[in-house]
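Structure below; questions to follow.
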Amino acid sequence: MGILEVKGINKRFGGLQALGDVNLSVAENTVHAIIGPNGAGKSTLLNVLVGKLIPDSGSVMFDGQSVLGRQPYEINQMGISRVFQTPEIFGDLTVIENVMIPCFAKRDGAYRLHAWENTRNEKAIQEQAEAILADVSMLDKRNMHAASLSRGDKRRLEMAMCLVQEPRLLLLDEPTAGMARADTNNTIDLLKEIKEKRDITMAIIEHDMHVVFSLAERITVLAQGTPLVEETPENIKGHPKVREAYLGEAQV
Amino acid sequence: MSKSTISRRGVLKTGAIAGAGLALPTYLRADGHTGYTNAPGDSPTVTIGFNVPQTGPYAEEGLDELRAQELAVEHLNGEGDGGMLNTFSEKNLDGTGILGKKVEFVTGDTQTKSDVARASAQSMIQKDGCIMITGGSSSGVAVAVQDLCQSSGVIFMAGLTHSNDTTGKDRKANGFRHFFNGFMSGAALGPVLEAEYGNERSAYHLTADYNWGWTTQESIQATTEGLGWQTQEAVLTPVGAGDFSSYIAPVLNSGADTLILNHYGGDMVNSLTQAVQFGLKDRQVNGNDFKIIVPLYSELMAAGAGANIQGVIGSMNWNWQLEDEGTKAFVKSFGEKYGFPPSGAAHTCYVQTLLYADAVTRAGTFNPCGVVEALEDFEFDGMGNGPTTYRGADHQCFKDVLVVKGTENPTNQYDTLEIVDQTPRSQVEYAPDHPMFGGAEASLGTCNPGA
Amino acid sequence: MLGLNAKDTSLFIVVIIMVLAAPILLNPFPADSALAQFNAGYPALMQRFLIFGILVVGFNILFGLTGYLSFGHAAFLGVGSFAAVWMFKLLSFNVIPAIILSIVVAGLFSVVIGYVALRRSGIYFSILTLAFAQMMYAIAYSDLVGKFLGTIITNGETGLQVYLDDPQILAGAGDPRVPHLFGLEMNSQTVWSVGGWEFVFQNGYYLCAVFMIIAFYMSIRIFRSPFGLVLRSIKSNQQRLNYTGVSTRPYMLTAFVISGMYAGLAGGLWSAMDPLTGAERMFWTASGEIVIMAILGGVGTLIGPILGAGAIKYMENIVSKINDNILHQWFAFMPEGIENFMVAIIHPFIGKGWHLTLGVVFMAVVIYLPGGLVELGERFIGLFRRKKTDNAPTGASTKPAE
Amino acid sequence: MDAIILQILNGLDKGSAYALIALGLTLIFGTLGVVNFAHGALFMIGAFCSVTLQRMLSTSFEMVDETQTDFLGNPLKVETPYVEAWFGPEVGAAIIDWSVPLAIFLAIPVMIAVGFAMERGLIKHFYKRPHADQILVTFGLAIVIGEIIKANFGANPISTPAPEAFRGAMDFGVLLGFEPNTIIYPYWRLVYFLFAIVIIASVFAFLQFTTFGMVVRAGMADRETVGLLGIDIDKRFTFMFGLAAAVAGLAGVMYTPILSPHYNIGMDFLVLSFVVVVVGGMGSLPGAVLAGFVLGILQSFASMNEVKAILPGIDQIIIYLVAIIILLTRPRGLMGRKGVMEE
């Protein structure tokens, strides 16, 4: 029984079957990659997982609870954090403030009228935020404006914002899309480091095979909205079905 | 400070006074020892405030009021040709200011907004030391400023305000209105309407949806129903609606043969123009020629509506084409100074300023309570409206009312309105506790000298 | 002090001193000098500085922190004013129940309007607030509710005022006939004359001052709180915030209601200072003026709203009164041709043309100075400091603190 | 029945003005992504083109006529317009009489120039800034334009009548088989309606059938892609701003006989036209036109006595009520694409 159980998801957009009978099980403390060619339904599946889309049928259970029909913030409160394709951070705030917000969200829940306390007096939150910044080696940039960070640092910051909530599942949406090779490698190292330091389940949606094979313990291949195979990386590489449907076609 | 290039003279003066100030004693004063607000004491000058709309929809009227007020100050201070001072039935004013004090004035912009008008009047009272406020071009503002003057302890001489409420339910002891009102319009129009249009008509009212519109409609309706006219419908229109077509169109087949536009300013210009476009003036209903009536006219509205007002009947407080000596004297001074004839709004403000000055002179004091006493039930003549009384019970002036009509063949650009009749004062009088004027509950309160 | 850090404490103290000493600070010129027309230290105007200051400080909590541009904020000011005058009419001229009710009523209105309007964001939110405010304006201006019920609620365009025959059930026989605080009349004042100077200390002004100081203090607390941080993050990236486990709508609604209650307080105070209230203060251009004040002062800053409100009210009441005669006096020292030329150049911008100045200044601020007067001040100080450091031979690091 | 037809006619007329303004507003939003709060001011500038032309044509010289006297008893100065002196009194008077339609020819170059100047001088610096900033700066501009107009033309409404030939009303009902004199409609309003239809049709035809229009439409759909094709989209968008300004201006020119222009009509129309755009759907041209007419007709119906008897004052708030309901139930408006401006 995985921590995330997706069963029989169907989603149609007009005449297009975006997802057809998707079943997926992500086991706890593994890195699970979901790959597939363009238009395979990866993004649609992710949007279902985070509550942005409601499927026509099927169920998504996280740790025994359904996530369907819940708002993104509720799903986050259940313990699922999300990293975006392009880093989504609070550009107008400082780095440390960026990390403090998820800390407050974790501690206080989706809403709390803490309008009278001074943020500076929240020592526990500050320490938590500093610790995670140290983890991603950004402590020296704690007072910088987030918008002025380099792209790699923005990615690190976003990771920190997700990790500080100690999510039970981290969803990564093409975390290296559009990155130069060096940045991609840095990101892979960062993710590896994270994985080594803490027990965390990750689900990565990714296009870049290099990233997938560097990180993933299990891989699900999606094609035309349906899972083709689910295997370990070693087995995927030589899998005829995958080669036929995906790797062959994509000339990777 | 000494580097300031704004005004060398000012700086010198400032420096001198600052120097003198060091030698002067310092004292603290709570109000209540001077007798009344802004008492001029032994100052050689006295300041009055001209609070008129200089921006906003009635800015043109406000600026015309301001011209007349400046003229009045000139005349009070003995400059110019003296204007109505020469025709005024009282001869107390001799061109030496008021009670020997030179008259100075400050101006303010009401924007035709009550809040702004009150702020401006407060500044005149609190900062500039004004002893009297006059001017204004709408009833909402007049009521608001009148209330303020009452609580601050200065006199308010209303400018153009036509709503019954100003001297009706919102009357105040410190406030005075020379201008006529909605009830008087109705009463004055009555005989003319009867003579011109008979007793068998059916009227359709379009009324601006605010206090002035309501009271005017009420007054006119009472008059026309008294003549035996039917009231077909009375429709409220939003202020500033712009396009009135959807209110005018239903008039066509309503069976009404008279349209009464209880609109003022831009609303009146637009609704009248559009009513004419709908061919109402050329229509025949119930065997009658269709007629349009505009209860309250002003020269500026007439200019805005252009040819559309031709033949349309309405009422006015005063018109520059009157033939009496007072009017002639005022039109001459005004016309020579500014190059065009004064509007009714200008006239009422000019007269109000002189009346105030005269009342102070007769009372022998600037104390508002003295002025109130001097003005109450005061009778005068020679101010362009014939014999006039300031009624003590509600501080409303009673005088003849003009009924005018849009000129059919104007000879020049100022010839927009022609006088049809002058309804005598006895016809437009009413009891101070008339139900349209707040009934028995309406009360002036007591005069407030302020401090 | 009071849970504020050193920088905020000093800002707070500066504001307290400014507010308390305003009757002196705003009257720098002797009463009968030529420059006295630039004095702003008379009670009515000082009250408005504070009332609009409170209003814009509250608006800034919404717009400055969350970036949601409400184009209908004046509606809450109007609602608060009406509530206060009704308290005067029904209970007594005591200002305390009036102000309390105006805050409560404005709060209730903002809960309802906020709940609906906050279902949308961006320009849709602006249009929704504008639509609500215009509806409320139309209802108040023509007293549609009153007409529906066959009574008077807002008394239409003339405005609501207290009449002698109003019930005033709590009024004692000896109570003043003007707004008062347990007998202390709002409009009574003490004048302090020093040489040519006259300084007026009015009870009403100091009541406003107390509320201003409280309102400003609360605004600092909100700005520095985790709640304020969340609001700022809404402005920065609402999507990220949603995926961070924060439900933005209740936060927005809270900010909306707080800022509506600030507006209600301002409205209540306004009625307490000047107990006649009309619908026109709810018109959408009045809301636009609030936006202009916030932008001009420096949106999202603590002190900006107060500066902006002060600057606009100063222009409205002082600059609008400068007329051509005064201009001629100023330039009298110049040769006549140049004098007339100068007057002709300046003429369109002063007196009745002050709206033009307002429009031009506002555009200039939006284009060149998004941080408003606060940014201007900072740049000025920055310029000064840089010069200093440039001159300093040691050449210490000029890196800004943040 | 006749009352309803009359109100539909009135609504169509009001709607034409709304639709024309909203059309320009939507063109600007759709192509440039700018929320233009100064669009009402453009309408007003158009209206004042009428006034200006009327004044220009009426420019007069003075002659002292000793036989007549003015209001002060001095000899009357008779003013004769130059056009009457040049072309003879009848032709001259006719030219002045036709000044409103003639003002179209003044308004087109003026409005395009104003539009260009606005876009190049101000708006282009705001493409990348948030919508709130665009609203604010154009709101400031609207104040400035209104004040400049006031400084030059005063605050009073200025009478700008339609040509004599169009001043009456036609008996529209007879055409539909009603009794004579039941459905009367002013000629000028019919002219305005037809004029609006022609303008709307021209704009759509221009966008539909010219290459220029096709590029612009493509740009509205996906600006970046079109930019990648190497087409200088910016220059075309500048022109679109000029076009939108001209549409608003022409709407203003022809509206003057219906509504005497004054310095504040820009602001009066601004709020309304935004409501129209939002109801139609931000960025949808057909939506703007449809919403213009629909709101015009709704407003007319709400003004009917029968309706007001049930809901007093509904005519004053109907527009806002509709806007609120539409925004809450269908935020993309009647015909807007999903996702536009929903943020």
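Going in written order, the chains are labelled A, B, C and D, and every chain counts its residues from 1.
One rule holds for everything that comes next: a residue touches a chain if its C-beta (ideal position, glycine included) is under 8 Å from a C-beta of that chain, and two chains touch if they have at least 3 such contacts.
Quick caveat, the model's predicted, so the values are computed rather than measured.
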Most central chain, judged by mean C-alpha position against the global CA mean: C
Counting only Cα atoms for the centres, state how far chain C is from chain D in Å. 35
Centroid from C-alpha atoms only, then distance chain A to chain D, rounded to Å. What do you get? 51
Just how far, in Å, is the C-alpha centre of chain B from the one of chain A? 73
Which positions in chain A are in touch with at least two other chains? none
Junction residues of chain B - those touching two or more other chains: 55, 59, 209, 236, 238
Touching two or more other chains - residues of chain D: 312-313, 316
By the document's touch rule, what are all the touching chain pairs in this structure? A-C, B-C, B-D, C-D
Can you check the complex and tell me which residues of chain C touch chain B? 29-30, 32-35, 39, 42-45, 48, 138, 141-142, 155-159, 161, 163-165, 178, 187-197, 200, 274, 276, 278, 280-281, 316-317, 320-321, 323, 329-330, 332-333, 351-352, 355
Which of the residues in chain B come into contact with chain C in the complex? 6-10, 13-14, 17-18, 20-24, 26-31, 54-55, 59, 106-109, 113-116, 118-120, 122-123, 126-127, 139-140, 143-144, 147-148, 151-152, 163, 165, 169-170, 209-212, 214, 236, 238-239, 441, 443, 445
Help me check something: in the complex, which residues belonging to chain D touch chain B? 2-3, 6-7, 9-11, 13-14, 17, 68, 70-72, 76, 150, 154-159, 161-162, 167-169, 181-186, 188-189, 257-260, 262, 264-265, 268, 299-300, 303-305, 308, 312-313, 315-316
Under the definition above, what is the set of chain C residues touching chain A in their complex? 3-5, 221-222, 224-230, 232-233, 235-237, 239-248, 250-251, 254, 258, 402
Please name which positions on chain D make contact with chain C in the complex. 35, 122, 125, 130-133, 135-137, 139-144, 146-148, 151, 267, 271, 274-275, 278, 282, 312-313, 316-317, 320-321, 323-324, 327-328, 331, 341-343
